[in-house]
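Both complexes shown next keep chain A, but they swap its partner, so chain B is in the first and chain C is in the second.
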Partner chain A sequence: MTRTGLGWWVLILPAVLLLLVFYIAPIAQVLAISFSEPEPGFGNYERLFTSESVQRVILTTLRICLITTVLALLLGFAVAYAITLASPRARSWWMLAVLVPLWISVLVRAFAWVTLLRRQGLVNDTLMSWGLISEPLPLVWNEFGILVGMVHYMVPFAVLPMLSAMREIDPRLLAAARGLGASRGQVFRQVFLPLSMPGVIASGVLVFIFSLGFYITPAILGGGKTLMVAEWISLQILDLIRWGLGTMMATMLIVAILVTLAVFSRVVDLRRMFGAGG
Partner chain B sequence: MHGTYGAGPAGRGVAWITAMYLVLPILIVIPVALTDQRYLSLPQEGISFRHFATVLTSEEWLGSIWQSFTIAVAATVLAVTAGTLCAIGCWRISRRSTDLIRVLMLLPLIIPSIVYAIGLYRYFGPLGLLDRFLGVVLAHGVTGIPYVVITVSTALAGFDPRLEQAARSMGASLSQTLRWVILPRIMPGIVSGAIFAFVHSWDELVMVLFIASREVFTLPRRIWDGINENLDPAMAAVAVLLVGFTLLLLLGDRALRRRTEAG
Partner chain C sequence: MSGAAGHALAIRGLTKRYGAFTAVDDVSLDVAQGQFLTLLGPSGSGKTTILMAVAGFVEPTAGAVLLDGRDITPLPPERREFGMVFQGYALFPHMSVAENVGFPLRVRGQSRADRDAKVRAALDLVQLEKFADRLPRQLSGGQQQRVALARALVFDPTLLLLDEPLSALDKKLRAELQEELKALHRRIGRTFVNVTHDQEEALSLSDTIAILNHGKLVQVGGPTALYERPRTRFVADFLGKSNFLEGTVRESTLDGFALEAGGARLQVKLTAPAFPPPGGSVVLLSLRPEKLALLAEGETADNMVEGTIRAWSYLGAGFSLVVATEHLGEIRAVLPAWKAAIAPAEGLRLRLGWAADAAVPVEEDAPPGDTT
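Then we have the complex of A and B:
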């Protein structure tokens, strides 16, 4: 390495040191605690196989995350498709509809959903005043409420990777297929859909891993009855002071995310997914 | 792609419904904030600004807004400084040797903040950083670095490295090259990264739930307590103010990008 080259390495140093000391170290400690408290060994991990409540939380989380991913992909696909085919003018409006929710505080969004969905909320009030229902529907503080809020949060994340894949599709291919006599449905199924598949998978992975560790929305809209992993961890640490169990689940969360990424890393270019400039 | 092949009615319908699902529920906070009632409801007899007045004259809310703002500014300075230098370093050093650093930079985006938050809770205790301004700034600043690295790396991708080599060969030192050649060219990327880092800290709740309690009581923390304890229209007023502020930042970012693309 030349002397000039060394200068560039010095530029990297502050960020790397900050991340190692104030990011990696605390997380490494979480991994360590899961093996050392309350007593050294794999005791906490045995709970994965023996404790019914641990298993229930994991199953609930997986179920909610899978449903969220599927719904966010379906809705996001329709939006990405509409954006791809829209005129440039309409496209910027569509993009606004995707980006505005993405930027607005997750707390504001959860609050808006509570306002709409609770027992005396606007949806129930409206339905009652129209005489469509006689009792308020249980729309929030249950799994349904969590799903409404999570899908709402995740759709923009589903749209963006699919959109970038769809924009790379050569429009002449679609025109050619039409010209050769394919119906609109055939063009979609046999040309457009296969070509946008990498984007769909990238979106699915992104939404799934973001959903797994989601805390605020499930905590507010679940009302403490339907527990997902993140809220369960917080409960173990803050209320029950069971560091061993809490950190074990946190470790499992990281493992689940890394495994998902590893499985799909052949199909998905991670760096591109997070927009790290090629 | 317009004109050659259009979406079918079913596709368009789902897209429209999704767009409304994304945007409309957020707008509901506006009429609720303007209600003349004492409880969460639509305005009954007229609109009233008293819930905004409640928030804007409350020492608690103003204190939290100020605290969140100062924390976010400090965290942004930290993230932008470290992130920009890192992105420039990675850009000049060969790709292969900085691969590990790039992976490191992705971790805060992938690992859920709950995991980091419980880690910090334990880690900050012995360091005396719990419930301290500095502790929250460090947590928000460090997790903000990746956003800056990404936006600055993107800006650098469009920068001709020969300019930097020319400057160096004409005798400019590293700091002179940075100051006069590289930084002015990537300024839009830096500002964009700063906006991301600021919003990241401004909105962050999970970490502060664990590492702050009394002394540091940020705006998201106060909203969180409000949602869990008393759902009143003042919450909606706060939400409207937040939405307005966020939209300003978003429009600023878009204007910046447009100017960069045009220039």
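Then we have the complex of A and C:
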């Protein structure tokens, strides 16, 4: 190693130490526990194939995450498209509307949804007073409630990468397409949509990965009946003191995230997606 | 790509205002079928706005655009059937060259087989058959420009609109593509409308040039007519370079007049049929630098002036001289280098002369913002 090379390493040493102590060491320990508790071996991982409850948690999590991703992408695309077409003035209002929810605690938002969606909540009360339903709908403490809360939380994360992809599209391309005879619909389908695809994929990966580890929203809006992976892990470790099983699932979560990233890094430029710039 | 005749375009009283700003002010123009018209002007002269109004992207505040006598002003751009080459080409980055060229056909619902044949013919026309499967970013600027041309021509448009088509290219390539564009225009016989701020490009390509300034049409005509007989100072100055000499008319004859300018007496012969200005009136003359000649000892010309070289530069084909004269101020002259009788040097005294029909009277331009 050259002298200057060494100098650079010394400069980033504090950051490396910080990462080692607070990030890599705990993860390594999680990995170690998953192979050693309650007895050494692959016992915990065997449960992936033998335990129905483990499989159910994983399937529920995947299903909720996929639906959340699709819905957040659809809503986020509409919002990002509207922002792209908006005038500069309107654009800053739109951005505010997208970003403000991000600044409100996820806990507050989850409870807000509970008050809206519960049996005597605003939604059920309104629907009943209009005579549309005679019994309150089960809107919360089930999968539906979780989906509402998660989609609401994820839409801003879906909007931002798509917005940046859309704003990179040269508006002259859209004008050119119309000048060459394409209707507005054709311009959208054949030019705008394909060119915003990198942003859509980036948003999808981001939302999906975030959703996998969601804890507070499913815990509050799921009412303990619909379990997702994060809540299940906390249940195993904090309530049932089954460290081995909990850390096994935590390891699987990390593996799932890494695999997702690895697959999509072949499709989109992840460095750009997480803001490293071109 | 049949040799079908082009279509005639007419612009009637076109005006476009953005708030208080008038981008295009009551412009009327006619482009006969098969003609190559260039809208020439400095930036902000309204030339691009006119093109965009013809293309349908800009809605005029007043006036109309007619194609073969039919009013097309209310039609959206996609229904006008005009081919357009955009500034910077605007090729679709996610489509191959063939897909780009096939795009106008695809949105018109043509079958794959029809499309393929036409795309091949269009790429053939611009000599890019071998690049059909490349992406636009894998092509050079000149090749991208040709793809844009092929894409604009593939669907047999009634009109081809070009927005600064060559401005992104370097000088040598620009000259090459100018020739190609001109040859293409002759071959397919379409009506072309081109926008540029490059006067050389306008002179070399066009059948007709429309010169614009501050949103107004200043003069329309063939390249030679415009260069040789500019109507105003702006035209003379923008299209090539010019000396401007101001003087008072002392004597008028049937086809010319004599002018007193700064103590010198100048003879002017009118080339176009016009009435000579009355005696006593003030006249502005435009004199092209290349129309001045170096006078040898004892040689005479209709008009002669003596001076010293204040600055000079070598242009390869010629010398450009700035000569300080006693009566006429600084005069710019361009002499052919290969047969120049002198070696230019600052401070060198020389005599310059020009024929009576070399200088033409021009008008002063109306000041900008004057809407009368």
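Observations on the structure shown:
What we mean here is this: the second predicted complex is superposed on the first by the 264 of 278 C-alpha atoms of A that agree within 3 Å, B and C clash if a C-alpha of one lies under 4 Å from a C-alpha of the other, contacts with A are read in each partner's own complex, and residues count from 1 in each chain.
The definition used in the following text is that a residue touches a chain if its C-beta (ideal position, glycine included) is under 8 Å from a C-beta of that chain, and two chains touch if they have at least 3 such contacts.
Note that the structure is predicted; figures quoted are calculated from it, not measured.
Overlay on chain A: chain B and chain C fit together in the combined arrangement. Contacts of A:Gly131 after superposition: neither chain B nor chain C is touched. In the superposition on chain A, A:Ser183 makes contact with chain C only, while chain B stays out of contact range. Applying the stated contact rule after C-alpha superposition, one finds that A:Val114 touches chain B and leaves chain C untouched.
In the superposed model, A:Leu195 makes contact with chain C only, not with chain B. Judged by the touch definition given at the top, the superposed model places A:Pro40 against neither chain B nor chain C.
The angle formed at chain A by the C-alpha centres of chain B and chain C is 90 degrees to the nearest 10.
Residue by residue along chain A, chain B and chain C are tallied for touches, and B comes out ahead. Looking at the shared chain after the overlay, A:Ala175 reaches both chain B and chain C. Taking every C-alpha of chain B against every C-alpha of chain C after the fit on chain A, the minimum distance is 7 Å.
For the contact definition in use here, the residues of chain A common to its chain B contact set and its chain C contact set are 172, 175, 178. Residues of chain C touching chain A in their complex: 55-57, 76-78, 81-84, 86-88, 90, 92-94, 103-104, 106-108, 151-152, 155, 161.
Taken together, the chain A residues at the contact with chain C in this complex read 170, 172-173, 175-183, 186, 190-191, 194-195. Against chain A, the residues of chain B that register as touching in their complex are 1-2, 4-8, 11-12, 14-16, 18-19, 21-23, 25-26, 28-29, 32, 40, 42, 78, 81-83, 85-86, 88-90, 92-93, 98, 101-102, 104-116, 118-124, 138-139, 141-143, 145, 149-150, 153-154, 156-157, 168, 174, 199, 203, 205-206, 209-210, 220, 223-224, 227-228, 231, 235-236, 239, 242-243, 246-247, 249-250. Note for the complex: chain A touches chain B at residues 4-5, 7-12, 14-16, 18-19, 22-27, 29-30, 33, 74-76, 78-79, 81-82, 84-88, 94, 97-101, 103-116, 118, 120, 122, 152, 155-156, 169, 171-172, 174-175, 178, 184-185, 187-188, 209, 212-216, 220, 230, 233-234, 237-238, 243, 246-247, 250, 253-254, 257, 261, 270-271, 274-278.
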